[in-house]
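After this come two complexes, each holding chain A, first together with chain B and then together with chain C.
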Partner chain A sequence: MLENGRISSRQIATLLFMAMISTSILFVPAFTVDKLGSDAWIALLLGTFLGLLTLLIANWLGQQHPQKTIFQYSQTILGSFFGKILAFMYVWNFLRVVAVVVREFGEFMTTAFMPNTPIFVFIASLLLLAALAAIAGIEVLARTSEFIILLVATSLVAIVILSLGNWELNQLLPMFTSDLLSILKTAATIEVWKADAILAAMLIPFMIRPQKALVAGAKATLAAGILITIGVIGALAIFGPYLLPSFRFPIHMYTRTINIGRILTRFEALLMVIWVAGVFVKTSVYLYFASLGLAQAAGLKEYKFLVLPLGVICATWSISLFENVAALEAMISNPYPESLLMYLGVPLFLMLITIIRNFLSGQQWRQKQP
Partner chain B sequence: MNVFSFLRSLISKKIKPGPPQLNNRAAAKKPDNQDDPVLEKRLELIKARLGESSDIIIREICSSQDKVKLAVLFIDGLVDKKAVSDNIIQPLLSSTIVNDYAEKLNQENAFALIQKHIVSFAEVSTAPNLTQAIKMVLAGDTALFIDGYERVLIFGTRSWEKRAVGEPETEAAVRGPREGFTETLRINTSLLRRRIQHENLRFETMKAGRRTGTSINLAYIKDIVNPHTLEEVRRRIAAIDIDGILESGYIEELIEDAPLSIFPQIEHTERVDKAAAAVLEGRILIMTDNTPFALIVPTTFFQFLAASEDYYERPYIAFALRILRLFVLNIALFLPATYVAVVTFHQEMLPTQLLLSIAAAREGIPFPAVLEALLMETTFEVLREAGVRLPKTVGQAVSIVGGLVIGDAAIRAGLVSPAMVIIVAATAISNFAIPAFNATIALRLLRFPLIILGAVMGLYGVIFGLILILIHLAGLQSFGVPYLSPLVHGSVSDMAKILVRSPWWAQIYRPKMLALQQRRRQATNQWLRNKTGSERELTHETMGDKDARKW
Partner chain C sequence: MKNATKIAFLLIIALAFFSAGCWDQSEVEQLALVRAIAIDYLPEREAPYLVTLAVNLPSDIAGGEGGGNSTNPTQLFTGIGASVELALEQISYSVPRRLYLSHTELLIISQDVAKNSLSKVFDFAMRHPEIRASTYLIVTAGLAQKALTTSERIESTVSEEILGVVRHAEKTRATDAQQLFEFARDIANPGQEAYTSLLMVGSPLEKVLPELKEEEQPGGQAESGENGAGTGGGAGEELEDIVTLAGLAVFKGKKMVGILDAIDTRGFLWFLGGTGQTIIEVHDPVDPDSTVDILVYRVNSKLTPVIKNNKVSFIAEVNVEGDVRSRAVEIDYITPEIIKKLNTAMAGVIKADMEKALSKMQELQTDIVGFGAMLNRKDAKTFNRLKDRWDEVFSTMKVDITVKTNIRRTGLHVRPIKNS
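And then the complex of A and B:
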C-alpha cells in the first residue's frame, strides 16, 4: 500500500465533518436564502438527509471492497481501462475542488480581512500548508483535524450562543411559502455541498474498524447539517430574508453583530480561525486524495512527490478558473451538473454494476465483516 | 528519493541495528590469549593495561602456607576499604583461615572453597575473564585473582562519596515527598524500590558509553508495561554508541523519535514520587548513573502541563490550574504575535476604547510594533540569560538594571510603548507558569517566528504558524504513542484527563493510549464503601460523644 496509516472511526467522522462544514458555513446561507427566502433552512435539512445518500453508497462500496479505495475498486468493477479513466476523473474532480476551495478562501480573506493583500498570498500559503499535511500522511491529517475540530466547534458554538440576544425569530415568518419543487431543487444543490461524504469511499480502507464507518459518517453529516442549519436560522433571524442575500458572507456579518457589554465584540478573528483551520483540513484532505488517487491509478509506488506539483497546478488553476468573485458565486449557487454526477451518479453506477455482477455470477453479497 | 522524503528521513529517526558496541569489539580485538591464569603474568598484564594510575591498588596474598597465591585488585576511592580488608583480605590470610579450611585449601579446590566458605562478603559474583573483571573493577567492585584460574571472583564493594538524598530543586512542591533522585544510581533504585514494594518491579541494567561505561537502568512493572514499548526502549538504548554519557540529556537525544524537533519528546524528572507514579501508570523509567534526572517514556505533550502536586491536593484546584496552564501556554506562545498582528493589521477588531488607549500609548513611538516586540522580547531573553548563571548577589543588580532601566526608562524615553511592556511581561510570566522547563524552551523559541509571521500576514499569519506547529506536533510520536494524545487518538476518558484530575477513587483505569497489559488500577466504588461498609453510620453520637444531643 502507498499509505500505511490507520485511522479510527472518530477520526473519519472528524475529517468528514470538517470537510462538510468548512466551506459551506460561509457560502451556503447567502444563496439558499436568495432562492428560498425564509424557508432556506428547510432545504438545508432536506439536503442534509440527501447528503446521507452519497455516504450510504460510498460505505456500501467500501464494505464490498475492503482495503481498497474508490480508485482501486473502480478498476475491479469496470475493468482496468475504464476503471482508470474513472479514477483519473475523480482525481481531476478533487483537484478542481481544491482549486475552488482555495479560491473561495482567498476571496473571503481579501474581502473580509485584508483587502490590500494579493489573493495569491493566501492561496499559495494555504496550499503550502495543505501540501505539508498531505505529505505527512493520513494519520497526521486525521490527528490535525481532531485538534482543529475542537477549535472550530467551540468557536462556532460560541458565536451562535453570543449572538442569541440579537435573534428576532419573527424574521423567520412566513414559513413554508416556497413551493416544494424549488425547495427540492435547492436541497439537491445542498446535496452537492454535502457530497464531501464521497471522501468516505477513500477513507474507509484506512479505518481500523471499517464497519463503523457508516455510523461515524452519518453522525458527521447530520452534525454538520444541523450546525449549518442553525447558522442559517440565526443569520435569518438577525438579518431577515431580504437583507441577508445582499451580503457576500452572511456569517461574517452575523459575527460582527455580536456586541455584549461593548467588551465581547468583534468576533471576526474567531471566524477567521474557524475558516482558515477548516479550509486547511478540507484542502489537505482533497489534495491528499488527489495525489494518492493519481498514484494508485497510475500504479506508482509513492504518492508524496506528486503532492507539491499538484498543489502548484491547483494554485494556478484556482486563479484561472474564475474571472472574478461574481463568477465564483454563480458557480457556487448553481453547482456544475458534473459534480452531482461524480458524487452521486458514478457511485450509484458502480454500485449497480457490482450488484448486477454479483447477481449474474450467483454470488451472495459479501457479508459485512463481524 | 525526492527532497521531501530525504528531509523526512532526516527528521524521523530510523535506527538500524547498530554495530556491536566497542566494549565487545575491543574484547574481540584483544582476545584473551594474552590473558594468563598464572598470577604473576596476569598481574603484569593488569599493570600494563591499567597503567601506573595512583588509585589502582593490587594486594597480593599468600594463603594456606603458600599453597594458593591470590591477588586483590580494587580502585581506591570507589570501594569500601574497610569491607575489603575485614571481609575479603583478612579471612584469606594464612594465619586467620580456620584450621579446617586451611588444610583443605589447595590448588584444585581453591576457587569454590574461597567463594563458598572462606570469604565473608555478601555480594559475590564471577567474571569469566580478565577483561570483564577489569570492567567491574573500574565500576568500583573488587576482584580476587586466584593463581591458575581464568575465572575471577568479583565482590560488590562499591562505595564512594555521594551526595545525600536532598530535596528536588528544579521541581519544588508545597505538598509531597521531599526526596529527590541523586547522582548515584543505586540510591535512586532504592528510592524507587521503597515506594513500589512489588515483586514485579524490575530494574534492568544496560551499559552505554564507550569511555564512560555509564549504567542505565530501565525501571518498569513487568505485568503492567507494554512489552513492545519496552522492547523498543531496550533496542534504542542498545543501539547507542557514543564515547560518553554524562547526563540523561544525551540519552534523550539519542533515543527520541524525531531528533530534529524543537519539542521535547521525553519527560524528565527529579522527583521520586513523580517517577514512581509514572512507573505505576505503566510507563518506563530510564535512570542514568551520575545524574538525578530520570527519563520517562512514552511521553505525550500534555504531560508537561501536569504537576505532581495536582495529584496530592483537592481535585478542583488541579482542574482550575490545568485550565490556567492551558491558557498560559497559549499566552506564552501567541500573545506577542497576536498583539503585533492586531496592532498592525486589524485595528478594527479591538473594542474602540481599548484601541484608543493603545493608539495613545503608541503615539510617538518610533518603531513599528513588530520591531518593538522583537526588541523587547530579545531584551527580556538577554536579561533572563544574564540572570540565570550569576551569583545571587550580582543577580539583584541585573534585575534592577532590567526592571528600571529597560522597563521604565525605555517607556519614558519613548522607545517602547507601555502596552508592549505589559505584553512582554505577561508572556514571560506565562512562560514561567508552565511546570516543565524543557517544554517552555520550545515556546520561547517559537515565539519569535510567530511574531514575524504576525507582522507579515496579520492574524492569518499567526494561524498559519499555529497550523504549521500543529502539523508538526501531529506527526510526532513518542515510542509509538502519538505526541498529541490523548487529545487526538485517545478515548474520551483519557481526553478528559488532560483537564480533569479525577479524585483518586475514580481513577480506576490507566491511560488507554499506552496499550498496557493491565488497565485496571484499583477497585470500584471505594467512595461508596466508606459510606456503607460499616454496620452503623459513624456520627458524632455513635462516636460516643455523650454531649452530642445537647448541641
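And then the complex of A and C:
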C-alpha cells in the first residue's frame, strides 16, 4: 500500500464538498444564466443528480473491490494492459483538472484583486502549497479540509444572508422559458454536474468504514449543489437574468453590492477566503490522486517523489492551455465530452463488465480475487 | 538540524508579512483615495472628457489628526482626455500618489455625457476592478465638475455631502438615485428603461429670492458692526453654491432622453410604491378656499397586465396611507365623513400626478416603470411578440389607474386651536 492513512466518513464528505463547490462558485453562475436565464437553477439541480449518479457507480465499484482505488481495480476488471491505459488516462485527466483549476484561480486573482501581479506567482505558490499537502498524504489533506470547510461554508452563508436586503425576487421571473435540450446541455458541462464525485472512487479505499461512503458522499453532493443553487438564485435576484451574464464573476460582483449602513461593506475578502481555501483543497486532492494513480499504475513503491514534478508540469500546462481568459471561459462553459466519458461513461462501463462477469462466473467477483 | 529547519520556517513566515500583495502591494500612505468622480463632455474639443476627482487624505477622514483641519480635506484634481482612462492618466501626472478608486461612492456625469457618450463611460465604471457596483450614479443638469466645487455644509467632505443628499432622498419622494448595478440591470432588462437622479447646482434660495435679497442688503450694511461675521450672508461674503435634487434623468438604452421634474418624479414614483414620504395638499372639503396637508408615508402599488384582443393594457392599483398634517379651517372636528372626503380628494390628486407622469413617459417613449418587464414576467410569450416595438406599444398603451387612499391618523390635534 502506497498510502497508509485512513479517513472517516465525515472527512470524505468534506473533501468531496470542497472539490465540488470551490471552482464552480465563481464561473458557473455566469454561463448557466447566459444560456438558460432564470432557469439556471434547474440545470444546477439536474447536474447535482448526475453527480449523485457518478457517486452511486463509484461507490458500487468501491464496495465490490475493497481496499482498491480505481487505478487498481481497472486492472483487475480490464486486465493489466487496458487497465493501466485507463489508469493513465485518469491521471492525465486529473492533471488537466489541476491545470485548469489553478488557471481559473490565477485569472480570478489577477482580474479582480491584483492586476499588477503576474499570474504565474499565484499559480506557482498555490501549486507549491498543494504539492506540500499532497506529499503529506491523504490524512493530512482530510484534516486540513475539515478546518477549511468551516471558513468556506460560513463565509458563503454570511455573504448570502448579508445580501438579502438587495434581493428583488421579481427579477427571478420569467421562469421556465428555456427548452429541455439546452438545460440538459448546460447540466452536462463539467463544472455544473458534480463530476468531482468521481473522487469517491479513490477515497473509498482509504475509509475506515467504506460502507458509509454513499451516505456521506450524497450529503456532500447535495449540500454543494444546493449551496451553489442558492448562490445563483441570489445573484439572479440582484442582477436579473439579463445583466448577470455580462459579469465575468457574478458572485464577486454580488458581494460587492453588499452595503449595509455603509459600514458592512467590502466582503470581497470573504469571497477570496472561499476561493483560495477551496481551490487549495481541490488542487491538492487532484494532485495527490494524480501522483498516487501514476504510482499505482506504474507499480512504483512510492508516490511522493512524483508530486513535485507533476506540479511543475501542471504549472506550465496551466499557462499554455489557454491563450487568454476568453479561451478559458469557452472551455468551461461548453459540454466537454471527454469529461462525461471519463467521469460517467468509464465507471459505468467498469460496472457493467463487473456485473456481466459476476453473472457469467456465477459468484461474487471479489471473492475470486485475492 | 531540526532547529535549523525551524528557523528557516519562521523566516519564511516572517517574509510573508513583508511581501503581502506581491506586485500590487500598496500602503495607505501612498494612496490618493478618490471619493467621487465627475465626468464632463466638452463636445467641441478633440479630447472631450473632462474628469474631476475628489480626493481625500485618509488622515482627514479619520478625524483630522496632525493638522488635517487647517486645509480643505477634499482636493480636486482635473484632467482631460479622449477617454475617461486617458483623462485619469493625465490626472495621475500631477498627483503624488497612486489614484485609488475603490472608495469611490459617487459617479457624477453631466447631462452632455448622459446624452452623448454614456456607454463608454459606463463600461469603464463597470469593468474597472476598483470601482464598485454599489457606487451611485448621478446626472447633473450643468457641468458635473461644478457639483464637486460646492462646499460641504454639514458633512466633512463634499462627496459625503452630496452622497448624503442623494441617500436621504430615498426617504422622500424627490428622486430615486440608482446604484451602478441597479442602473445596469434596468438597461439590461428588456421592457425596462433606466433612470437615475438629477442634481442641480445653484445658488441657495436665500440668495435667489428677491424679497430676501432686499432685506439682506441694507441690513448687512447697517448692522455689519453688530453682527460681524455671524450671518455670513452679507455683502462681504458670497454665499456658495449648493447642490439640490431636481428630479430624474430618464434614459432610453444608454442615452439620456429627458428629464422628469419634481412633480413628474413624484408621479412616477407612485407607480413603484415604497416608503418614501411626501406631502399632498388638497382642498378642504368643508371650506374649498382653504387647504389640508396630508403626509403620505406608505405606498403599495401593483401593476397587472391585461391582454384583450391582442392589445396590452395595464391596471395600476395604488394603495396609499397618510396622516393629516395641517389644516386651517377652524370649525370642525375631523369626522369620519370628512376623512372620507379627504381620501377621495387625495386619490384624485395622486391619480392626476400619475397620469401626468405617465403621459410624459409615453411622450419620451421610455418605459422606466418597467411595464414591459412586468409583462415579460407575467406573460413572456406576449412580451416576446411585442419586444422589438415595445417603445411604440408603450407610448400608446392604456393604463387604468385606481388609487385607494387611507388616512389613518390626524396628528396630535383633534382640531385647530381657535379663538372661542
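One rule holds for everything that comes next: the second predicted complex is superposed on the first by the 358 of 370 C-alpha atoms of A that agree within 3 Å, B and C clash if a C-alpha of one lies under 4 Å from a C-alpha of the other, contacts with A are read in each partner's own complex, and residues count from 1 in each chain.
By definition in this document, a contact is a pair of C-beta atoms (placed from the backbone, for glycine too) under 8 Å apart; a residue touches a chain by one contact, two chains touch by 3 or more.
A quick note: this is a predicted structure, and the numbers were derived from the prediction, not measured.
Colleague: What's your read, chain B or chain C touching more residues of chain A?
Modeller: The partner that reaches more residues of chain A in the superposed model: B.
Colleague: Going by the contact rule set out at the top, does A:Ile135 touch chain B (first), chain C (second), both, or neither?
Modeller: It touches chain B, and chain C stays clear.
Colleague: State whether A:Pro174 touches chain B only (first), chain C only (second), both chains, or neither.
Modeller: A:Pro174 contacts chain C only, not chain B.
Colleague: For A:Ser8, using the defined touch cut-off, is the partner it touches chain B, chain C, both, or neither? Pick first, second, both or neither.
Modeller: First partner only.
Colleague: In the superposed arrangement, does A:Val325 touch chain B (first), chain C (second), both or neither?
Modeller: Neither partner.
Colleague: In the overlaid three-chain picture, which partner chain does A:Ile148 touch, first (chain B) or second (chain C), both, or neither?
Modeller: A:Ile148 sits against chain B, while chain C stays out of touch.
Colleague: Given the touch rule stated above, what does A:Leu243 touch, chain B (first), chain C (second), both, or neither?
Modeller: Second partner only.
Colleague: With both complexes overlaid on chain A, does A:Met114 touch chain B (first), chain C (second), both or neither?
Modeller: Both partners, chain B and chain C.
Colleague: Contact-wise, after the overlay, does A:Met272 reach chain B, chain C, both or neither (first, second, both, neither)?
Modeller: First partner only.
Colleague: So in the superposed three-chain picture, is A:Ile85 touching just chain B, just chain C, both, or none of them (first/second/both/neither)?
Modeller: neither
Colleague: Chain A residues touched by both chain B and chain C?
Modeller: Chain A residues touching both partners: 113-114, 117, 121, 265.
Colleague: Within their complex, state which residues of chain B touch chain A.
Modeller: Touch list, chain B to chain A: 2, 4-5, 8, 345-346, 348-353, 457-460, 463-464, 467-468, 470-471, 474-475, 482, 484, 487-489.
Colleague: Sort out for me which residues of chain C touch chain A in the complex.
Modeller: Result: residues 21-24, 126, 129, 132-134, 179, 181, 184-185, 187-190, 376-378, 380 of chain C touch chain A.
Colleague: Which chain A residues qualify as touching chain C in the complex?
Modeller: Residues 111-118, 121, 170-171, 173-174, 177, 238-240, 242-243, 246, 253, 256-259, 265 of chain A touch chain C in their complex.
Colleague: Of all residues in chain A, which touch chain B in the complex?
Modeller: Residue positions touching the partner: 8, 11, 109, 113-114, 117, 121-122, 125, 129, 132-133, 135-137, 139-144, 146-148, 150, 262-263, 265-266, 268-269, 272-273, 276-277, 280, 302, 304-305, 308.
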